[in-house]
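These notes open a run of structures that come right after.
You will see two complexes here that share chain A, one where it goes with chain B and one where it goes with chain C.
Moving on to the complex of A and B:
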């Protein structure tokens, strides 16, 4: 147990390191900050809600740097794309925060925030799940036909539409092999930034699908590039929260130590899998988070009288982190077995690289 | 050749481990010697009474916390210091009970030269999650440069720990090559 004198809480160090580790693993693998998972966990450990948000956002900035260092080594970052998006992201986050303050003043921030979360996350889950399923089937077909299968298989036609928008300046993102109007990237930054600022999260779970389906980046590059954005948006959020007095640095320190280990594993795990595997994990994280938000929304709409709903929401959110970690571990385990020529389940070869 | 890359990896790992250890030491020392708390509980954001919120959080209507009001340099579970917006907070203060709260008299009230606190916490909610919200952190302003320091330390920790891990895998001889995104596998 450690006495966090600034937060005014006594909490076990092990749990903070563990949460940092699990969210670091998931974040390093699918390129999300994991704010929607960590904040509830910290509240369960006894941190006040505002402190939980501040500690979470600050740790996300640190974890973003850790994961960025590793993804840079793996060649998963397109710096042109990342830096083109930064200004849009920052502007979007600021607009999102102001929008949230507006709804707060109207006294309906919780309901609007939860409804938006449910709609956005469920919509993204549906699209990602359907598209990834199609990509999975296509990969299996190609494998059966004896064709060489690339690390990335996408079936969405949206990137072609956005890449054909002719507004000057057109940028060439060499690592992602994408040529697209800079305004498309900036717009993606603004829109995802608004949602991130409004929902109070890093925004990775919106930005990764947007980079894949709108800009046309491969999933691995979307993950690495998004983590660079998370460093900027997380750093900005951390500064705002620190100024407001929502950050206990010792809690952040313990969480970063855990997430350092997790982010290594999650980032390196991406080198074992194809793009659709990352998108599957992303979509499962989205649907689980949607269930959590839906339970909390029901709880708020029923006048906070059915306590079991709040309890279920907390359990689901905490269980989600462990479930996703185990899923990632199992994918790496199967990838290694396949490399060694051992038997793996039939759905595995289409998701991992040999 | 292999020897020199192993030596380079060892130097890289040692350098970044040392850098990370130095940063962790600086953060831990600033936390334990009270420097960070002094930046955190820097000045009053509102007019009111500076208190140590933690020491009064078990007060009830039946057993209220009775705090002596005066210009003390240090507050504890028996003292409160009147402050104006912008005043530096006394040592050990962790919150300010706003003058408006005292005026309403529901949670705290003035009684001669004492401040009587009866309801030191209430249930608040964040994104649908309930938590116990006390007077702690209320009515306080943090030191802006302390906030910048927090962010710089966080980013520095991320950078040093990230490179330390990279140095570690290099040292173990785990060769992580750039992913060939556009080739068949």
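Moving on to the complex of A and C:
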């Protein structure tokens, strides 16, 4: 057990290391940080809402720099788009942090953060389900029509609408091959920045879909460009949260240790396990995390008197993370066995790289 | 001796006797079963962690 004096919480170290490990591992599969599951998890484990947001934001900032360097080497960053968005992102983060301070002063930061997390996680679940089904239908139709199925399957007509908005200045993003009004990019930056500053997340789970479905960038360019924003939003957000006294550096340190290990394992696991399959499973695990956050919310709203709600909230939130890690670890083990010619369960080959 | 041990198993079409797979194999051979197994372990572990480390401290 460790006494996190600044946060005013006594919690086991392995819990924070494990949360960091899960986020690091999962991040390798979904292309974004996975920070959206950290803030509600920390609140469920007893951290005050504003502390959970500050700790999450600070631990993300360091990860963003390393990932950005890697994506720059791969040519996945559109600097014109990234730098156009920075102003909006910084403004959004400032607004988000101020909003959180306002709710903290009212004494309802945990409640508001839990409500927001429930809405965001359930929205993400619906989005993943709908997009997976639409992409599946489109792939089947293309296969039936004898068309070649590309790496990217565009199912939205929104990029055309947003690219036709005529507000000056129009920017030409050469790497992303997109010509669009700068205000569209700035607006995406502001909205995702507010969410990032408020929830303490990187914002990739909103920014990447927004860049793909609104601006029209390809997924790998959206992920690379998003990471540049995370460096700015994470760095600035960490500074602002520190000034407001929302950061317990010991908690951040333990989480970074876990996420470093998780990122290493996640990068190894992606070479054994198929990403889309994990994303689909992840969307179901989001439902568990959503119920976990909702139960904690009910526990707080009922004056912390119904003990069973706290138990169920921890069971679902922590259980979902343990489930994800166990599933990915066992899939890697099955994939290694399969490569060595040993017997594996019949459902495994569809999920692992042959 | 082997045929005696498996005398309760109905012979399939080919006339050869095969052992009935253990019901526990469902937890590994079926993806749904595997998910149920992992989910039970995960929720159980989380409940133990709550009881040992978090109860009364949250």
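Keep in mind that, in the parts below, the second predicted complex is superposed on the first by the 183 of 354 C-alpha atoms of A that agree within 3 Å, B and C clash if a C-alpha of one lies under 4 Å from a C-alpha of the other, contacts with A are read in each partner's own complex, and residues count from 1 in each chain.
The criterion applied here is as follows: a residue touches a chain if its C-beta (ideal position, glycine included) is under 8 Å from a C-beta of that chain, and two chains touch if they have at least 3 such contacts.
The structure displayed is predicted, hence computed values, not measured ones.
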| item | value |
| --- | --- |
| Partner chain(s) touched by A:17 [first = chain B, second = chain C, both, neither] | neither |
| Touching partner for A:211 - first (chain B), second (chain C), both, neither | neither |
| Chain B versus chain C as contact partner of A:188, first or second or both or neither | neither |
| Partner chain(s) touched by A:121 [first = chain B, second = chain C, both, neither] | neither |
| First, second, both or neither for A:97, with chain B first and chain C second | neither |
| Chain C versus chain B, contacts on chain A by residue | B |
| Touching partner for A:314 - first (chain B), second (chain C), both, neither | both |
| Those residues of chain A which chain B touches in one complex and chain C touches in the other | 310, 314 |
| Contacting residues of chain A [partner chain C, same complex] | 1, 9-12, 15, 45-46, 307, 310-311, 314-320, 322-323, 326-327, 330, 345-347 |
| Interfacial residue positions of chain A with respect to chain B in the complex | 5-6, 8, 39-40, 43, 47-53, 58-59, 61-70, 73-76, 110, 113-114, 147-152, 175, 177, 200, 218, 220-221, 231, 235, 238-239, 242-247, 249-250, 252-253, 256-257, 260-261, 263-264, 268, 270-271, 274, 293, 296-297, 299-300, 304, 310, 313-314, 353-354 |
| Chain A-touching residues of chain C, taken from the complex the two chains share | 28-31, 34-35, 38-39, 41-43, 45-47, 49-51, 53-55, 57-58 |
| Residue numbers on chain B that touch chain A, as the complex places them | 24, 27-28, 30-31, 36-37, 40, 53-54, 94, 124-134, 136-137, 140-142, 144, 146-148, 150-151, 153-155, 157-159, 161-166, 169, 176, 178-185 |
